[in-house]
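Look at the two complexes coming up: chain A is in both, with chain B in one and chain C in the other.
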Partner chain A sequence: MENNAITAIGLTKKFGDFTAVNAITFEVKKGEIFGFLGANGAGKTTAIKMLIGLSRPTNGQATVAGFDVFKQTNRIKENIGYMSQKFSLYEDLTVKQNINFYGGIYGLSRKKIIEKTASIIENLNLRSYANKVVGDLPLGWKQRLSFAVASVHDPKIIFLDEPTGGVDPATRRQFWEMIYEASNNGITIFVTTHYMDEAEYCHRVSIMVDGKIEALGTPRELKERFKVNSMDDVFIQLARG
Partner chain B sequence: MRKLFYIVQKEFIQIFRNKAILPLMTVVPIMQLIVLSFAASNEVRNVQLAIVDQDNSEYSRLITSKIKNSDRFILMDNPPSVKLADGMMQSGNADIILTIPPQFEKNFFKNKTGEIQLLVNAINGQQATVGAAYLAQIIQSFNQEIRLDAVPQLAVMKQFSSPQLRIENSNWYNPDLSYKDFMVPGILGELATLLVMLLTAMNIVREREIGTIEQINVTPIKKWQFILGKMIPFLFIGMFLLTVGMIAGKLIFDIPIVGSLWVIFAYCLLNLTAVLGIGLFISNLADTQQQAMFITFFFAIIFILMCGLFTPIESMPKMAQYFTIPNPIAHFVHVMRSVLLKGSEFSDVAYNFKVTAVLAVVFNSLAILSYRKVS
Partner chain C sequence: MLRIFLAFVKKETFHILRDTRTLVILFGMPIALVLIFGYTVTNEFKDASISIIDQSKDNLSHEFVEHLTASGHFQLTNLPNNINSLDGEFKGGNVKMGIVIPPNFEKDFFKKTPVTIQLITDASEPNYATTLTSYASQMIFSFQKKYSKSAIPPYQIETEIRMMYNPKLIGAYNFIPGVAALILMLISAMMTSLTIAKEKETGTMDLLLVSPLPPMLIILGKIMPYVVLSFIDAVLVFAMGYYIFEVPIHGSLALLLSLSLLYLTVALALGVLISTKAATQQAAMMVSLFTLMLPTMLLSGFMFPIASMPWVLQYISKIVPANYFVQIQQAVMLKGAGWESISHPILILIIMVFVLFAAAWKNFKVIYK
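Take a look at the complex of A and B:
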């Protein structure tokens, strides 16, 4: 348990008669890059929302960063970062103002915010954009800035919900470099994606079908088990049922 | 507390960056204040009158000239027959027809009575009743004069005659019955509350539409910090608007400021807090800005029509009067008028302070409770 960043046992979410997430059980180790795959509507986003405290589970148990998803959502929120498929920085604020705002509401000290602002702008090469409104940035840059802002408070776990949707391959590449760097710094990454090449970058992946986790393992294990050559084929076999 | 500061800071940056909202918050309300205060007049003037004088006597001409001298009436014509006058009313050229029948003067001397007919176009009830009342007043005073004239003994007997009540009016707090003095404070209160309600109603729902609300919800920020952070900037804008409005009211309309400005501003702060609660509550209920607009519109119409600005609350049916109690604009208009015109002190409007405080607590509790971080 202590080596796990996330532990979920029988985690379930029902909306009326519809079971969006059906008793999923898995664990994510500290420092791991965990790919959370599934077709559209398989229940990935609902599952993430339960883990990050945006949605209350109907049943089951889960701990995130050592805190209970039922009772300690605020402690969880202090220890995680989240980047959703919807772009969530303020387009009418400048790059600096966005960092300042999110740093502020995460309770960072003024000094820390200044440090963080400088290092993010430096790392992302945004010097000439620092005082421009975020709405003027190209999408790829926005996504990378989003990721940086989601980790402004040095969280233990970062949840990424389809972070690279609609982004060109080169930028996706850069994005994954950021993910690896974070992972090397000991941050656990929990990522959903539709790109199977990205699934190959993950340490371990799970594949969700109709609210259940149908397969879980390293990309290599899964390919061997399903006797195919690519994650694409694994996914298609499972998703077709 | 520091987190609160960052939210307030962010809201202010966004407000000042938005080039469309800023003039909407400052210039437009002042323009509304000016236009509404000049135009939205309840006074009845320029009543179109047709007089059918079938008597053509000294007295009938005297009445006509008396009425002509009043600035409330425009004598359109003296049609020779009632039928022609009816035609004038039909075509909209006359609001009131005054008919003086033949033998009017003769009957008056002979039988001590005279009859005059008023035909009133009551489509516009206000104009009709008030206009007819003015006219009746003129004729009444004319009557007093000719009574003495016609029956000279009366003048002699006057001191012995049966006692008569004479009513003397004196208009307190607004001696000239200036319509602007009466309307400007009310309109100002109404504009400030409406603007603040609309802006806040659109605010959170906008973040929901853009998707930033989700990002806020995964931060450990507390509900009250978020709501309060949203409120403070709009409270500031409301107070700013009120200040500018008061200055404009003083400079342009020379509205009297008899009472204490402290009471006005303290009450404004309290009232806007209540209104903000409504706005934020709406914002939490709505999923889109469009929905928020319509809900706000619904409340705004009720609030405006039932706030006592245009129609006195006292003349509403009892049931409707109860509905004005939870209407913050009604209290605002009342306090503005009492303090500015009458010089009411805090103790005089304490009731409004109390009710508004309760409203503020209720509305803001609703706002905080309805803001759900977790689905």
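Take a look at the complex of A and C:
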């Protein structure tokens, strides 16, 4: 347990008669990049919402960063970062204003915010854009900025819900370099994606089908088990049922 | 070519039929507007509340009171003893006109000495006041005619009209409170509902919700700037009324401003409630326009007197917050009323704040828990 960033046991969410997430059990180790895959509507987003404290599970148990998803959602929120599939910075605020705002709502000190702002702008090479509104940035930069903002408060775990939708392969590659860097710094990454090349980058992946986790392991293990050459084929075999 | 055109028309029709909101506006709007304008933009009225101060209390004066109330247009609410009590009744808004019958009415009437009946109205709603006095004058004339048929020289009743609070019947006395109610409702409710809906639409709401901020704080933080902005707007409207259109503020300015703040809070609560239901800015806009702007304009009593409306609209007008705010403003600004005489509308606005915030909070919980 001690070495796990996330532990879920029989985690379930029902909406009326419909079971969106059906007793999923898995664990994510500290510093791991965990790919959370599944077809559209398989229940990934609902599962993430339970883990980040936006949705109360119907059944089961789970801890995130050592805190209980039923009783300690506030402690969880302090220790995680989140980037949703919708691009989620304020387009009409400048790069600096966005970083300041998110630093502010996580209660960072004035000094810390100034430091963070400087280091994010430096790391992302955004110097010439610092005082421009975010809406003017190219999509790839916006997404990297989103990621940086999601980790502004040095969270232990970062949840990324389809972070690279709609960008070209070169930009996705750059984005994954940021993920690797965060992982090397000991941050746990929990990521959903539809790109199977990205699945190959993950340390371990789980594949959800109709609310259940049907496969879990390293990309290599899964390819061996299903006797195929790529994660694409693993996914298609499972998703087809 | 025609086939292609028809395919296009068909597709567009499907869009419209699919979207119930558009349908409601398409058919609901003309029906509502025609009914509202048809029924309220008339000079007809019924059941107007009046007080009669009968200073002679003789047979003829009783007959006269009977004559006035038999028509069904006037409803006798009170029979006070002196004129001074009228002021209090006007401030509370329960009575719109007082009719004063002079002493020795019967004796003077039959002696054919001219008798003078006073019509005192609350002219903070100038149009309504004029309608009431002209109708009352007609009734007095017909009363006099009933007796005069056989009598030569005729019996004589004169009427003396007093327009209280607004003797010159200045329109601004009426529209400043109305405009204030409308502007504050629009800015506060529509802007808050739009700004929260925008966060939902762009996905930034999720980011706020995964932060350790308590949801209550998120909502309060979002509406706070609008409280300040709308309050400045309120001051602006009152100042313009005062300096440009010479609308007096007879009552306490502090009372007026704090009650404006109360009304603002109602409007903001409405905005938050709408935003918990509306997923997009467009939806928030539509709902705000339809459920806030039109009722505020048409059913707050500032364009059309509520007393002249059919009972259905009168009932609906009871849940329109602007209605109470217009009453409050007229009472405080024009009639110099203190909080005691307007405790009823104040209480209703306070109840509205609690009910609306509770409803908004419940919706919020349903969505995010």
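Basically, the second predicted complex is superposed on the first by the 241 of 241 C-alpha atoms of A that agree within 3 Å, B and C clash if a C-alpha of one lies under 4 Å from a C-alpha of the other, contacts with A are read in each partner's own complex, and residues count from 1 in each chain.
Keep in mind that, in the parts below, contacts are C-beta pairs under 8 Å (C-beta built on N, C-alpha and C of every residue); 3 or more make two chains touch, one makes a residue touch a chain.
Small disclaimer: the values here were computed from a predicted structure and weren't measured.
The superposition on chain A brings chain B into a clash with chain C. By the touch criterion defined above, A:Gly211 lies against neither chain B nor chain C after alignment on the C-alpha atoms of chain A. Once the two complexes are overlaid on the shared chain, A:Asn74 sits against chain B and chain C alike. In the superposed pair of complexes, A:Pro57 makes contact with neither chain B nor chain C. Of the two partner chains, chain B is the only one that A:Leu93 touches; chain C does not reach it. After the shared chain A is superposed, the part of chain B among 58-66, 148-156 or 202-210 that runs into chain C is 202-210, by C-alpha clashes. Counting contacts as defined above, chain A residues 52-56, 74, 77-78, 80, 82, 84, 86-91, 102, 105-107 meet chain B in one complex and chain C in the other. Taken together, the chain C residues at the contact with chain A in this complex read 202-204, 206-213, 368-369. Listing the residues of chain A that touch chain B in their complex gives 49, 52-56, 73-75, 77-78, 80, 82, 84, 86-93, 97, 100-102, 104-107, 133.
Chain contact summary for the complex, chain A toward chain C: residues 52-56, 74, 77-78, 80, 82, 84-91, 102, 105-107, 150. Residues 2-3, 5-7, 9-10, 13-14, 17-18, 210-212, 214-221, 373-375 of chain B are the ones that touch chain A when the two sit in their complex.
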